[in-house]
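Each structure below appears as structure tokens.
Each of the two complexes below includes chain A, the first together with chain B, the second together with chain C.
This part shows the complex of A and B:
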């Protein structure tokens, strides 16, 4: 398998698999409930009972991080699925049909791309009210123009290819042509973009939660854990730090995976060396 | 080489040109100051008192004022007919030098201080301004949230510029509280409001107080200057700056570094402990006149059942909240009044922490597990205290969901009265009517503060108004407290405790129990 000869890809896959296992098995491996407070034991230093200590409400930080993996992965997968499907359809239609459809779509994409993605997500969450669903929708909508722009660019390079022309010449219908030849062949670069945006989505969720606009406390998300620990950075730095490390690991894993996918899947974007590490 | 040198020289000449111009401006300014006969400071800059506030001001109009930051700034600017003595909470003269109450308790005549002038040349203060101020609050067009406080007024007469006579519809033993220097009790100038305009007055306030409003830099600071003509004598500092520093840790560091002199609105237990332990600064603390309550909306199922409300009361471990979360920086509350009220009684039904009893009560009420939104404003510590409460409620089978709303959205939701719960404290004077009328009277149904939709003490409220004499008042207010606390429209979570810290440079500071502070008695020692 050529994928597994790529060390970055391999590391990314291993890390993500581990995180996935943690997320799925959270109810069994978390030592305590992530919501149960113990006001007699607040801001405790790490001990055998609380490996990462407790927060200001006496909740076990490790348990909150383990449960937080679930929400982060949920956001990553949902954002990826949503922005991928929406962006691909918009980009493919714009690139394949051309004409005024393309001009209008490209203008809208360009306008949306002019906004920083996070700001767009912030505005959408503020308008919809904060909850897990709004965060997913907001971040997905913020990333959709990026996916659509890439998709359109790829479709434009595929459209004039001989096999597309040939299929058209033998009388294949437009829709069949689009979904049988054009879309499958433009997948690799788009998947790479989507993987990297999944990493950005996790950062966006953490950022929104930190600002109090994301998933509502007391839900255990990494962003919330950082926000909770913020006031105690001087006395109990481990709370925010450990959540920060979780986010970093997840984002690095997704980026390694994205890099690996790019190097192996996409000949156009492949680096000259073919190696990441 | 040569070329570079020349360029550098040219740059220097240019720079010195700017300097010369600046120097010229300085000279001109100096000449102006000298010409106007102002004494130039001999050595250091004039004493400026720098006070930290936790969030920005928005409206200083006494008819519409809200929030402690606004009230604290307004405290420096306005006076009332009477005021609370900062240390003892006794009602003492302010703009009125004395008052007479008629035998039947319905006519209050105030003798006013003469020679008092409004800030910024708005002329002398007269009895007409008093009449104007109170009638403005009562006018429905003003839309004042405090009109209810003055509702017992029948008429206001001004027989002479230094005398005002207020006639009440019926005796009201607590009337002096209503005209004390706080919120609706602050007197405004008829002339100033006419010239400045109703809306613009909010941030161009004209008062008679020890400090004059100068300017407001949104999100940054509010500047007040000393009123040299203040009737009780000029303040000891030239200027007061209220600086907005949101983060308490940052404010604590600023205080320790001497960048601010007074840390107002000190809340975070860890910061309080740190400042107390450091020994570099002085930390004052005092019981406030309010409790922080979890309001239960009795118009929403299943909170309509008193047993469910009592069960929630039993389920919450309030002692753990005070000891664990607040690190003992707040006090336990037995009822919705604090012990700082003269009418306070601890003879009320109590519902100590007892999850087993809570479960039994829920079972008795025939309520299985149900879901309950805990609605809190997005401000420390209210958005935090709901977390352990939710955990406590989960332990007795109530699925409590935390809904933290940004301040504006929170007020809107609360005013609609459709929220099942909310967190409310009635901050202010030691006037028992203030929390009772706000939280439990039918007249305060939403958009008022009676989010509980409670109407169990209407008859007792009427009786309280007519109670004359301290003993009679104490008895009827005791009955109100006992009835309310048995019906549990609100759960008092804790009695608030106020903390203010200042540097060793600050002298003469007196902490009040109103959740404000006065800069007037403060002087700054040379470092």
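This part shows the complex of A and C:
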């Protein structure tokens, strides 16, 4: 498999596979319940019973992180699926058909892009109430205009290519041109945007949870763990730090995966790819 | 190409034979008064102006002219492929006597590829880089026919063999970047003839290829034409290719037709001063070594600002400054019974020796 000759891609895949296993197997590998409090043993340092110590309610930090992987992955996958499908359709239609459809769409995208994505998500969560679904919907809607803008730009570069015109000249219809030529050739840059947006979605979920607007405590999310540990950064830095490392690892893994996909999906880059991590 | 006795596959009486009647074959494609305009700053700009042409089944028509003279645009217009905001303002495109331009878009799409097909200048960019050549041929077939993937793939291999790609069973799974330029043009020809069209338009099919490959590609087109009896339109600015492969010639200048006729007629007795100048500007092996090659003075005109009279008048050694050439447009293509026609008031006058300004 040519994909696995790309070291960055390989590392990304291994890390994400590990995270996926952790998420799926959480009930079995977590040493204890992420919600069980032990008020006699709060803010404990790492020990054999609690490898990463406990938080201010005596909950096992490692177990909370393991369960938190589930929520983070769920957010990443759902946001990516939602914003990709919406954004690609909107961008492709705007770029390929042009005319007033494009002018209206581009205006809307520009207006939405004028808001910082996190602010938009914040406003949407505030309007819908904080829950896992509203975090996903809010972050996905915040990213859709980005995907759509990239998709439209890419489609505009593909539309005038000779192979599109040549196919039109031998009788291919609009839908066939769209799905044979335009969409496959636009995938590499859009996939890169998608993985970056998945990584940013995880950050956004953590950020919203940290601010108390995301998934509500006591649910174990990485953002909640950071928020819980924030007051004890001086005495017990391991609580926030370990959650921060989890977030960083997942974001890096997604970015490596995105870069690897971009390099390997493009047949012209197949031989030159993979040197630089 | 010339002198291939072809059976009359499509016995339809030619409506108005414009090409010389050198062979009793029916007209496959006829353009009548085709006119294409693009919006400009000062109103619409006519980029194709009243072009009327005909190609016979099994015959080869060469369309020659400078870059920007409207050769390609004429046939993009004929296929209904003018990019917006351009549009065909007037005229008809008849295939076997039926006008195709005013058909609904979906019917016109089905005609493209199946009845009239086109290949382009640059084979390096005319294939989609992310699919194998086999997949791309399969898609052409599936755009027109109800055909299963396995059957379509078998057809694709047949087609690759027909365009003389060696080892087609293996090459069918190659990506475009694994093929040479000449092989890619063969693949594009395979796609264009996949549905046995009656007319193939080849828009400078060898300009991007080197000279040895050029001859192979044109010989391939000639062979395919001999097998199928399709009409071939060869858009080119290489007069050597015209002499070798064409039956008829049409010369274009500034979006207008200036001369048409059989290849022999036009080459031995060019009438329009532009055609004559074109032939003079070809280097000859037996010509004087120390003389400068005659070039046509001046620049091709901007079609947005054509002179009121003949478009060639400012560069013409015969008509420059003449009252009629400056004020009236020559009627398109008056000519004799042989079908050799040219659009010039003074085609009987000799070229003046003086250099143009």
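Basically, the second predicted complex is superposed on the first by the 252 of 277 C-alpha atoms of A that agree within 3 Å, B and C clash if a C-alpha of one lies under 4 Å from a C-alpha of the other, contacts with A are read in each partner's own complex, and residues count from 1 in each chain.
Just so we're on the same page, contacts are C-beta pairs under 8 Å (C-beta built on N, C-alpha and C of every residue); 3 or more make two chains touch, one makes a residue touch a chain.
Bear in mind that the values here come from a model prediction, so they are computed numbers and not experimental data.
Of the two partner chains placed around the shared chain by superposition, neither chain B nor chain C is touched by A:252. Look at A:81: by the touch rule set out above, it reaches neither chain B nor chain C.
By the touch criterion defined above, A:176 lies against chain C but remains apart from chain B after alignment on the C-alpha atoms of chain A. In the superposition on chain A, contact is made by A:218 with chain B only, not with chain C.
Contacts of A:238 after superposition: neither chain B nor chain C is touched. Of the two partner chains placed by the overlay, only chain C lies in contact with A:166; chain B stays clear of it.
Shared-chain residue A:184: touches chain C; no touch with chain B. The contact surfaces that chain B and chain C form on chain A in the two complexes do not overlap at any residue.
Contacts from chain A toward chain C in the complex involve residues 98, 161-163, 165-173, 176, 180-181, 184-185, 265-268.
Listed in rising order, the residues of chain B touching chain A in the complex are 248-249, 268, 270, 317, 320-321, 323-325, 378, 383-384, 387-388, 390-392, 394, 402-404.
Contacts from chain A toward chain B in the complex involve residues 35-42, 56-58, 212, 216-218, 231-232, 234-235.
Looking at the complex, you find that chain C touches chain A at residues 79, 81, 84, 106, 109-114, 117-120, 122, 125-131, 136, 139-140, 143-144, 175, 177, 188, 191-192, 194-195.
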